[in-house]
Amino acid sequence: MENKRNKPSPARFWMWFNPIGRETGGWAFILNRVTALGLIFYLFLHLIVLGQLAKGPEGYDGFVALMHNPYVIVGELLVVAAGILHGLNGIRIILTTFGIGVTYQKTLFYTLMAVALITILIFGIRMFTA
Amino acid sequence: MTQTTASKNISAPKYGETAWLWLVKIVTGPLLVIFVLIHFIVNHFTAENGLLTYADVIAYYKNPLIPAMEICFLAVVVTHSLIGLRGIILDLKPSRSTLKIVDWILVILGVTAVSYGTWLALTIASTGI
Amino acid sequence: MSQNWNITLKVSRQKEGETPHFDEYKMEVNPDEYVLDAVERVWAFMDRTLCYRHACHHSTCGACGMRVNDVEKLTCITYIRDMTHDGGTLKIEPLRNFPIISDLAVDMGTLYSRLESVGARSVLPAPEAEIENPPATWSADDGQYIRLADCIECGLCISACPSAATSDEYLGPAILAGAQANGLKRNPELLALVDCEHGVWRCHSAFECTAVCPSFVDPARRIMDLRTQIIKERFTRLFHKA
Amino acid sequence: MSKPHAIIVGAGFTGTATAHDLALRGFDVTVIDRGDICNGTSGRTHGLLHCGGRYAVKDQESAIECIDENMLLRKIVPQAIEPNGGLFIALNESDLQYGEVFIEGCEACHIPIEEITPQKALQLEPNLNPGMLAAFLVPDGTFDPLRLALSFAATAKKNGAKFRIYTEAKSLILDGKGTVVGVDILDRASNKQSELRGDIVVNATGAWAGEIAEMAGADVPVKPTPGVMVAYEQRFVQRAINRLNKPGDGDIVVPQRRMVIVGTSSFEVSDLDYVPVFEDHVKLMLERGAELIPGIRNAKVRGKYMATRPLIGGGMGRSSARTFKCYDHKETDNVDGLVTITGGKATTLRAMAEKTADVVCEKLGVNTPCTTKDVQLISYRQYYSQPN
């Protein structure tokens, strides 16, 4: 009587992103995975876009002109935010992984996220006022 | 005697070996934080309003330290992200053969990205001269 | 003192060949009763077809793990008061990541077999069983006291772990914790098991295992400790190659 | 036609142990239970592996069974037992007086006890009531209820026994001549009914034994007697602590993982399937437990629960003997093909199984002796990996 109901399966990958009933560490995991995927996507997009530089001044300057679009700036802010969140959360993972602050991992997470929020805010203000 | 068994288990290469990969990911993480910081600080000080024109970028790349740093940055960020991506794919329970293919794709992708980036940085740096 | 509450139990039901659905049962409870008492009353007085696992009713056997309002709980020690309110609902579901036998009963076979394969010991001498804050005046020969160690093999951690949701090959928190407690130094053969693609490196530090563990095991800490041990051992090997 | 088929109803202590015994004697064994292993009384014991001291004065038959089985279980199933010993402590004059008959009783039942000074007892167990007047070291132990049963079940499975859990006995099949020839079963996981035929049906349902026997018109004089237990969130002692007096309410404290469990009370019920945990009994456990270990008063409650003992014989509550009894219903009710085992307690599960298997073998003319005294049980976890 092979029973497959409720068994782990790759098809249930959305469970990674399900925050219902989860705790601090679980939210941190979701945040980290979402930002990781976003940043990987951005990394390759960024490389392709920078290829414009090789085409000389016309291509690049034309492209930069497009970048002043406020929607694009919001997108850029998202990238910056993702980088900050992933980076600071990464610090928590490294520390706990070597046994440092395991018992304080929740406090650590909240502190780092507070720092992240402030930094993102500063970046946001600068980017929209520049 | 326990030592010999330990060494046997530990040194026997296993496919999907992740101890070293994991360590590389852990080490490249803080490196990236540092790189990003440098990137922003240097960016901010060398170009007042950011690298917004082609000319700015060319001027920025005149300092030979800049393309060197950017290439290192790229290598580290590609390594970190592709090891991370492999970690996520591992969660999807790939078969041994699938994982082998995934590994090859990731390696090719990584090498291509870094070579392309290096070529790009060097091209820009040489344009300026 | 405490007034009774009227609550609704929303119980996940699934017999062989059926698709899962919820059945609702309204009942009056004392909020200081346990969730398992309410489930047991559904079976005793309302619906004899309900299947669920339970045995010791005091957090020793690990049989009664369920998801209560989306959180993994050992239902025999979970007060109804802590999970809902007067007029509220208790949503009861089986643990995730285990095959369902029927309704709330799941098959723990893989968990038990894997715990066996890492030699997780259920009975240990007291000092090895890591009692935090032991009585101040323990005598020197405490080593003779054998005690049933803390992991009750309830599977809550496996159900809560995001890495375990997509791959049944990942050993999972309870098993890695069992290996750590058993000791890599004492059992070097365990290295091969925990240091591989389905072992400690698949943990993504979500700490959910520790958050839901009802029994002081702290699997996340143990997984972190295994990693440090393995990396240290690898460096030692690297520089002592014969 | 080769092997006789025994159906065991109930997968608690007696059911799993009897399955183990019969499997070793070459039977085809099928165990059915409406729940999982140990979902009834067995799972909910406090886990005291009795040395017999508790019964040494009034119920020496039980006491001797206990000490013999205690020593045996330590050898055959160490994976589920903490052999840490126990203490009987006296707190007042009445306890001290009881101490005298206790010593005699233990001698008569060959239970090795050692009187130690209260100072020495406090050295061993610093959390005991410092006002104790006398203390005796005894060879008690503690066991993990589910894992003890699983060890027997695993070994039975290894020897070919089959376990059908979530399978309820709806009725007994009679052949028209008053002989039980099988069980009508309901697979509760699939909601399918079917017939299970066997050469003998063993009713190992403990407190529920009367209900099953009645299906064949047979009678079992079992008196279900629930008791309340309370688990506290600190392991105050390493040994089982007993009050040195006649068995009474809340006079045992048993360490279990990071807890201690105080038990038990004693009352009677009519509906066995759900017995509430009465608050006044919980309070009584606290009061009585705190007499033995004052720290309990400030400890957090981890669990409150109850279990229904299957008491047999004519007595009331605590005065009933704690020994077990095996009924061949051919002799008691002229119903063939049905054997009931009930009474007793966890400590004597192996002996109960031996007795039951002896009766079954005699009825079916099987001549294989019992070997469970010498067979080491396999890991409880293998219950899940052994083929079913």
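Chains here go by letter, A, B, C and D, matching the order in which they are written, and residues are numbered from 1 within each.
Criterion: a residue touches a chain if its C-beta (ideal position, glycine included) is under 8 Å from a C-beta of that chain, and two chains touch if they have at least 3 such contacts.
Keep in mind it's a predicted model, so treat the numbers as computed, not measured.
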Innermost chain, taking as reference the mean of every protein Cα atom displayed: C
Selected pair, greater C-beta contact count between C-D and A-C: C-D
Whole-Å gap between the CA centroids of subunit A and subunit D: 57
Euclidean distance of C-alpha centroids - subunit A vs subunit C, Å: 31
Intercentroid distance (Cα basis), subunit D paired with subunit C, Å: 26
Length of the line joining the C-alpha centres of subunit B and subunit D, rounded to whole Å: 63
Multi-chain contact sites of subunit C, meaning residues that touch two or more partners: 16, 101, 166-168, 170, 204, 227
Subunit B residues counted as touching two or more neighbouring chains: 91-93
Every chain pair meeting the contact rule: A-B, A-C, B-C, C-D
Touch list for subunit C against partner subunit D, complex: 15-17, 33-34, 37, 40-41, 43-45, 49, 51, 53-63, 76-77, 101-102, 105, 108-109, 112-113, 115-116, 122-123, 126, 131, 135-139, 142, 144-150, 152, 215-216
Residues on subunit A engaged by subunit B in the complex (per definition of touch): 8-10, 13, 16, 33, 36-37, 39-40, 43-44, 47, 50-51, 53-54, 56-57, 60-61, 64, 83, 87, 90-91, 93-94, 97, 130
Complex contacts: residues of subunit B adjacent to subunit C: 2-3, 5-7, 9-12, 14-23, 87, 90-93, 99
In the complex, subunit C residues that touch subunit A: 14, 16, 20, 67, 69-72, 94, 96-101, 106-107, 160, 162, 164-168, 170, 204-208, 210-212, 220-221, 224-225, 227-228
Contacting residues of subunit D [partner subunit C, same complex]: 35-39, 42-44, 47, 78-84, 123-124, 126-127, 142, 144-147, 166, 188-191, 229, 231, 235-236, 238, 255-259, 261, 271, 273-274, 277, 302-305, 379-385
